[in-house]
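Structure first, then comments.
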Amino acid sequence: PEFQARFDARIDADGKIEPQDWMPEAYRKTLVRQISQHAHSEIVGMLPEGNWISRAPSLKRKAILIAKVQDEGGHGLYLYSAAETLGVGRDQLLADLHSGKAKYSSIFNYPTLNWADVGTIGWLVDGAAIMNQIPLCRCSYGPYARAMIRVCKEESFHQRQGYEALLVMMQGTAEQRAMVQDSVNRFWWKCLAMFGPPDANSPHSEQAMRWGIKRISNDDLRQKFIDATVPQANVLGVTLPDPKLKWNEERQHYDHGEIDWDEFWATVNGNGPCNHERLATRVKAHNDGQWVRDAALAHAQKHQPQPTKEAA
Amino acid sequence: PEFQARFDARIDADGKIEPQDWMPEAYRKTLVRQISQHAHSEIVGMLPEGNWISRAPSLKRKAILIAKVQDEGGHGLYLYSAAETLGVGRDQLLADLHSGKAKYSSIFNYPTLNWADVGTIGWLVDGAAIMNQIPLCRCSYGPYARAMIRVCKEESFHQRQGYEALLVMMQGTAEQRAMVQDSVNRFWWKCLAMFGPPDANSPHSEQAMRWGIKRISNDDLRQKFIDATVPQANVLGVTLPDPKLKWNEERQHYDHGEIDWDEFWATVNGNGPCNHERLATRVKAHNDGQWVRDAALAHAQKHQPQPTKEAA
Amino acid sequence: MAAYFQDYLLHLADNAVILGQRNAQWCGHGPVIEEDLALANNSLDLIGQARLLYQHVATVRKDGKTSEDLLAYFRDVPDFKNYTLLELPHSTALTPTSSGDRDYAVTIGRNFLYSALMVLVWDALKSSADAQLAAIASKSLKETQYHLRHARDWLVRLGDGTDESHARMQAAINHLMPYTQEFFTPSVMETAVVKTGMGVDNRTLQADWNTLVDEALVQATLKRPAAGGFVTTGKTGIHSEHLGFVLAEMQSLARAHPEAVW
Amino acid sequence: MAAYFQDYLLHLADNAVILGQRNAQWCGHGPVIEEDLALANNSLDLIGQARLLYQHVATVRKDGKTSEDLLAYFRDVPDFKNYTLLELPHSTALTPTSSGDRDYAVTIGRNFLYSALMVLVWDALKSSADAQLAAIASKSLKETQYHLRHARDWLVRLGDGTDESHARMQAAINHLMPYTQEFFTPSVMETAVVKTGMGVDNRTLQADWNTLVDEALVQATLKRPAAGGFVTTGKTGIHSEHLGFVLAEMQSLARAHPEAVW
């Protein structure tokens, strides 16, 4: 109770909770769930973009794409580290991913079907992710907040890069422009769904708000994303696939059409186009790599420094 | 001795030896070696051409190529059958191939590096093979002779198809013509070597001639091939890569340069560019297919017709 | 309307060419030589069907430039209208490459599920209002009956073979079955050609297909999995990530030499 | 003479781009995430080296149309001058596909053998008579030293790890070693650039390379196999069957849209 009071006071004062601090079990669990889900998303998120590395149409774009996918892996690594500060090891986190117990962002269960998808993922998917993540830079849990500051910085860079790649394509051939439009058509609605269900149906939100883990509601973030993105789409010259998308002078926001939540939940619950495939790919990589990890461990054990006499 | 006399008489009269006939053990062994080597060549020979099926540049050429490779597999099958009439099972023959004990034609240890190679293999490799094989249609061992009649007929068809494909390419773009020339440059000398070492150094030939298994010498066949091929090359418009190639009015044959027999023997002895790869591919196919063959056997045993009462 | 019919022909042709491309990957690598030949033969039939269908598109289009090879080699992923099922690798582990490790159970399972559909489709299309399609259907039906027999025999052999082959065959069927939902989920293009009597409504064939599948699975001692989850959309041009790799390889030489005649 | 120097630059560039393409195949599929990143980094360095070298060719050529992407994306197999070693799949079983099953021991073994050569080559090329090549060499040397350290560490770890990893690492080295003969078998192009002081004679580096290799193999408890047999000829443009598949995939998108700017 004394601990709880100190914890509440810290939260109320917008202070940071650090690994060595006492924290309620539910707070810890919520954080582990959220941080690991976020880490898994980075790792699984390497696959749809990685799918195009071998076919990148210029060496410059190939280098940019490899660097980007590498950054995502890096984000995964420091998010796993942040989760580890809460007392759960990476092996356990990966086991939960591979068993299907832990989730990752559903957006990565859609396939990348043309090269423009690489740009669109930067512009729209990373854009939506940043909207979601910027508030987390002020999250009450210190290691997570600090990881997110770094992640957001790099993601902003990726977003600009993705948008720039699409700009170049839109100034190119008719086929290139068609690729961009096709890509935006496939990704737009999935990106809106990334902000999660409408506030009215969002079960975890209230407690997470109280704990300073979540700071802005799903619908507010979604609106913010739409308002920021529509002008960018206009500059780009693509049509966002929503006939109801229209500036509302009164609200000073864009109105938009209805998201297909059935499709969203189907994908979240395992029935998207690539759910099986993404997970199977990660599991296969992990299993195929077992002998390598075993070897590294065996080698390290053989060659660890002998304990000195003083230590013995 | 009585059997031997009857066998010799049959051979001398250019008659056929059939599976149920008595034959000298050395004759049987020579035939098993030669027929199985020939069968293995057909099966391994599927690989260099099969390498281009997925990339054939038109649907018509793709269909022609698949049909051709399929024919080669068919030749392999009936040559294995011919070998089986001599009392050796296919399992044993394949085991000898996979262990490296049995040989196959060295020509298939060279890679197919451009699409024209598919045509060149038809024109030159199959052309050389036919030269070697036509005399075998009169071979003293009946089942082998009959198999060769069928093989030669189909091979002649393949040879014309290959030549026709090259003719079309030579009427095409500069790049296509360059492909054909490059291909002929790589294959010409290897094809000349297919007729085997010069008569002076050919150990098996004499006995095989005596037995009516071999009927024309290596050098004679080689000369025949060159004489037939040079005019075809002229029509095609390619340069055969031998500066010494010249019509000899006196001999009424083409003179030609010296074959690199060191390179030939290196490849025969396992050190050609694709020896490891070809064999490894066959072994992998065989090993990967073990469970399928096991299943077929298990199924057949479960479902074989029960012996009837009369039979019991 | 004419555009829908062309799309329908392309759908049938793309099915054939993509599965033909996949099945030919076994050539030289099969479990026994007889199967190398059987799959080469299957591939040859499918490519033959694709050629007739593409040629028919060219005839219908009458633009003086469409040809079977233009359609096979110079269209991109979203232009292809094959079922997603047919572009998948021969493996339950869907690693995104055009080849890689091959599992014969997946090959057999796919050929069985697809040819069981196509014997019914071709049989129905013998009465297509389009005479040329009806003629192609007649020819294709005979070939497909043979493909079905071949795949069915092996399905039974592998299902009712060893423990390992049973497990592999069951895993393959479990993996593949969800993709068959696409067979019976109508698309705009199909609805249009059914109306004109040129195409067939696959839903009218579903009961017969179920019977073919169920009987074979029973004989193979296999369980029929529920075919739920995501319904693929390859026939509308939205594919899996695999088709891009198949086409990259298949079209590489033709595209490198767009001016060439072969 | 100038043509030989261009060929030499292309040889160095093609080495980098092809190995970069191969190593990037691990991205998302590595044994631990750290290795996904390490190989992505290696690939990134190699592609960076290739770009500088291709750009240098373009500068030397001064024809107003050569560019790094023209060289990487619009040349055919016989135009590529990389060592055959670098185009092989990541597997001791050489099935002719651009991807397929990957064996980390092969990846590590190849990176080790190649970067052990290239630290020596780049170090020597710092004194190239061509100032630009000397500058590229300086930059590349630092990167390659890192690649060598990474590959060497894993070579030792896998060689001196478990029984399985030892066997795999030994098999990989046995498989790869014959291909290193190409490093030290001079070609016309190399002989020419050595004469002008622009290139290096690899035979002068062979003793140092042997020392690097032998010391690492000893530490890894591995046996050095005899490197006999066929001497590959990739640097003269005569490759294995694998490069065609690598290029088909790598160049597919660029070639499908020859007019496009990306």
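Each chain gets a letter, A, B, C and D, in the order it is written, and its residues are counted from 1.
What we mean here is this: a residue touches a chain if its C-beta (ideal position, glycine included) is under 8 Å from a C-beta of that chain, and two chains touch if they have at least 3 such contacts.
Because the structure is predicted, anything quoted here is derived from the model rather than measured.
Visitor: Give the chain pair, either B-D or A-D, that is connected by more C-beta contacts.
Guide: If we tally the C-beta pairs in contact for A-D and B-D, the bigger total goes to A-D.
Visitor: If every chain is reduced to the average of its C-alpha atoms, which one ends up farthest from chain D?
Guide: C
Visitor: Where the CA atoms of chain C average out and where those of chain D average out, how many Å apart are those spots?
Guide: 40
Visitor: From the mean C-alpha coordinate of chain A to that of chain C, what's the distance rounded to whole Å?
Guide: Centre-to-centre distance between chain A and chain C: 36 Å.
Visitor: Two or more other chains in contact with one residue: find those residues in chain A.
Guide: Each of 55, 175, 281, 284 in chain A touches at least two other chains.
Visitor: Would you pick out the residues of chain C that each touch at least 2 other chains?
Guide: 29, 76, 95, 98-99, 248-249, 252-253
Visitor: Please classify the inter-chain touch graph. Allowed labels: line, ring, star, complete, other.
Guide: Topology of the interface graph: other, matching no listed pattern.
Visitor: If two chains touch, include that pair; go through all of them.
Guide: Result of the pairwise touch check is A-C, A-D, B-C, B-D, C-D.
Visitor: For chain C, which residues are in contact with chain A within the complex?
Guide: Its residues touching chain A are 76-78, 92-96, 228-230, 232, 238-241, 244, 248.
Visitor: Looking at the complex, which residues from chain B come into contact with chain D?
Guide: Residues 48, 51, 55, 111-114, 175, 182, 186, 266, 270-277, 280-281, 284.
Visitor: Within their complex, state which residues of chain D touch chain C.
Guide: 29, 76, 95, 97-101, 245, 247-249, 251-253, 255-256
Visitor: Considering only the defined contacts, which chain B positions touch chain C in the complex?
Guide: That would be residues 43, 46-47, 50, 53-63, 66-67, 69-70, 73-74, 76-77, 115, 165, 168-169, 171-173, 175-176, 281, 284-285, 288-296, 298-299, 302-303 of chain B.
Visitor: Which of the residues in chain D come into contact with chain A in the complex?
Guide: Chain D residues touching chain A: 17, 21, 24-25, 27-37, 40-41, 43-44, 47-48, 50-51, 54, 68-69, 72-73, 98-99, 102, 104, 156-158, 160-162, 164-165, 168, 249-250, 252-254, 257, 259-262.
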